[in-house]
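Two complexes come next, and they have one chain in common, chain A, joined by chain B in the first and chain C in the second.
Presenting the complex of A and B:
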């Protein structure tokens, strides 16, 4: 399923989110099961399926990481089921270091300060990865798609770190 | 998901956790990560002049299966030659720990960590 086609949008990484939300509302209305209440069972079922598709498409295109993954899958690189191992030592060292810092938060005297610092570090690193990713995806060269996939893999590690940090912050507030 | 007893044992009592002095010239490091789950694994091998692995240590951030897989391989590689260690297959690890299919990638990560460390050893040797 090509979600860009479903939403009638250009298949580019720099999606206009306001436009995307507008298209989502229109599509949602057009396929909503309530509209098919008086129609055949088959029509109703189809409407439910279409609604699920529209929702999934919106979630995919709204989230930059999932959007990039979707673009790459349309270009023949499937990242969602892969078991590729990342071996970039510099990157992984940094991941280790950040994980260690996450572990240290609970022993810190000023945990919230540490959390804020890490949010900033993660955000600025993610931003640089996303900038590079946008450039690579725009070129539409096979070699650049491969590099783009590398950035997506790195961003997945960052998403995991973000989740951990949020979890730690939630625990702290309890 | 139910973990096997062996996974729980390694998870609760991980063997050989930690790091060697990175300036020790007989130590090589394999760093690997799995994007699907964000797991990061560091495996260090201390290799003697005769090419036999004298000691191993690991540090893994990840799920129970990833920790158990790396803990297990630190036990397995000790006393082996570099080539013997390089022949350890992820299927052996998965079988020993009775990993379910969704956790097979944890054993792949452990196999790749050994390979990465040995690759560094071979690079060092050829210098």
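Presenting the complex of A and C:
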């Protein structure tokens, strides 16, 4: 399913999120099961399916990482089930360093400061990856799509690091 | 004679077609029913003018009592008087006994470990007890509104899992009430509040009831109520304050061995003291055991110290949920308090402190949920076709499946907007394998044992292929009520595999059928008569909605298809006049199948129309 088509948007990486949200609300008003509560079973079933698509489409287009993945899959590069790993050694070294810092948080005297510091460095690193990704996706060259896929893989690593940091923060709060 | 219905101009073209529907707040401690009358939503009272019905059921020797009469017998006959049954819904007996310790009831475990209360009236499960609470509410509504109900919206804590939701729905269906929707309690409160204030922006709903705690963060925008995140604890509420206070009494009075009647007396006194402390700084607790008067002073301060850990837990949930919603405290324009336990001063002050603003209590926290549900019911039943109101709710807990080594693979993550459908692919690991077993769990933890088991199911009829050659696509769909259904298909052959779902903590279809038959026996009702009546109502509904759809969008169909549909409608009309249940059911299903194409065309058409407005706006 092409979510750009579903939302009647141009398939580009830069999305106006306010406009996207507005379209999402209008689509929801057209397909949501609550609008079909007294209709036939077929209509209800269809409504649940369409709403699920609209919901997934919105989440996909709203989230930059998922949006990039979706664009690449429309261009024939499917990253969702792949097992290829990042080979960039500088990136991998950086990952290891960050992982060590995550492990150190619990022994720190000021864990919240460490956590904030890590959030900041993750955010700025992600930002540079996304900037590069946007450029690569805009060119629509096959070679650039392949490099874009590499950036997406890196960003997935970053997302996992983020999750772990959140989990550590949760444990501290309890 | 029915009273004259007054419709607001433009809201209903045919006022005489006003359909009766109610919102029901099936609470841990109290339950309420509300309806929209002449454009105003309000809770309905009983003959004594009471809005709330205590959620207490007494199984006496000869009869079943519900509400105040049942509550009056609570201390005298605790084992036959069931209180807070909501805490038992969708839970195993083992879970409950671990959590609550010794209870006054006589329990038995059902085949799959669910609690069954052994009472003077025989064995009853939590679904049946809940159905008893619903009965007088439905009767009250039908009497007040003067007619049969088309359906009800029933509220559930946002944090209820699949089994707890299904149990609630089963309870209503057991007494023949059509559930229009299961609505999350905080969302219901948001409707009542949002429509009242007409504010737009992010609001937080803090809902602390008798047995459950929910925190929901919503964005209100042009009639759309979008839940951004929800969190909470389905086993934390005012009942737990009572229990801690009971422990305090036991320590102060050095009580160790208590009869179940004494234990219940302590619980009743704890509740009284807790409620009195919402208005006084100090309250004297008293009970008389074995002719001995026991007394102790409980100050606001002491009580606060006792309950502080629990209140702190709710604040931690608030912090986490805000983060899940990706909004900061400053963005929250209003905090709405829901549930009787938000009357506790410490709760109010802690919430005020955390959100840094005075919480709103302008709508009675006990009634706001039922009122919101009534508004939603009125819309769902079709009384307000022009309404802009739309609720976008989320799934509160992640859904996952068990993989090798007892680990969970998440399929749908928490706080995903529902309805949602997610597909996952699996492959066979043996040559000629034709079946595959799955275990679905709900929760956030990585180990299966730490999550709640929802269901086990087996895929059968997989075509016999070499190992790894069969690719089975399993689709998990969660509907607007938050209920899960599963379908599966082998990709290369497109063979649909059949699924048998065995709910871990719910009732099987057979058990529900048996309960339904039992309830008919007691009511001296005739099951076939009720089924016939239900099918006739259903046929009328199908004819009405399809005729309206054809009138509006009939031009989407080629002439021959439209005529064929019209014939099929007429045919159903004739069949529905006769008293053959099976024939009516078949005619409904046939007609439904015939509308598949029409339904899809209408849906595509409305999607196009929705975006057309958009494109024009953005030029």
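In this section, the second predicted complex is superposed on the first by the 173 of 174 C-alpha atoms of A that agree within 3 Å, B and C clash if a C-alpha of one lies under 4 Å from a C-alpha of the other, contacts with A are read in each partner's own complex, and residues count from 1 in each chain.
What we mean here is this: a residue touches a chain if its C-beta (ideal position, glycine included) is under 8 Å from a C-beta of that chain, and two chains touch if they have at least 3 such contacts.
All figures in this text were calculated on a predicted structure; none of them were measured in a lab.
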Touching partner for A:156 - first (chain B), second (chain C), both, neither: first
Touched partner set for A:10, first chain B, second chain C, both or neither: neither
Partner chain in contact with A:86 - chain B first, chain C second, else both or neither: first
Contacts of A:56 with chain B and chain C, given as first, second, both or neither: second
Dominant toucher of chain A (residue count), chain B or chain C: C
Complex interface listing, chain C residues touching chain A: 180-181, 221-222, 224, 316, 319-320, 323, 376, 379-382, 388, 390-392, 416-422, 425, 477, 479-480, 541-542, 544-546, 549, 591-593, 595-596, 599-600, 602-603, 606-607, 609-611, 613-615, 617-618
Chain C partner contacts - residues on chain A that touch it in the complex: 6-8, 19, 22-23, 25-35, 37-43, 46-53, 55-56, 58-59, 81, 166, 170, 173-174
Interfacial residue positions of chain B with respect to chain A in the complex: 29, 31-38, 40, 42, 59, 61, 104-105, 108-109, 112, 116
Footprint of chain B on chain A - complex, ascending: 79, 82-87, 89, 91-93, 95-96, 99, 152-154, 156-157, 159-161
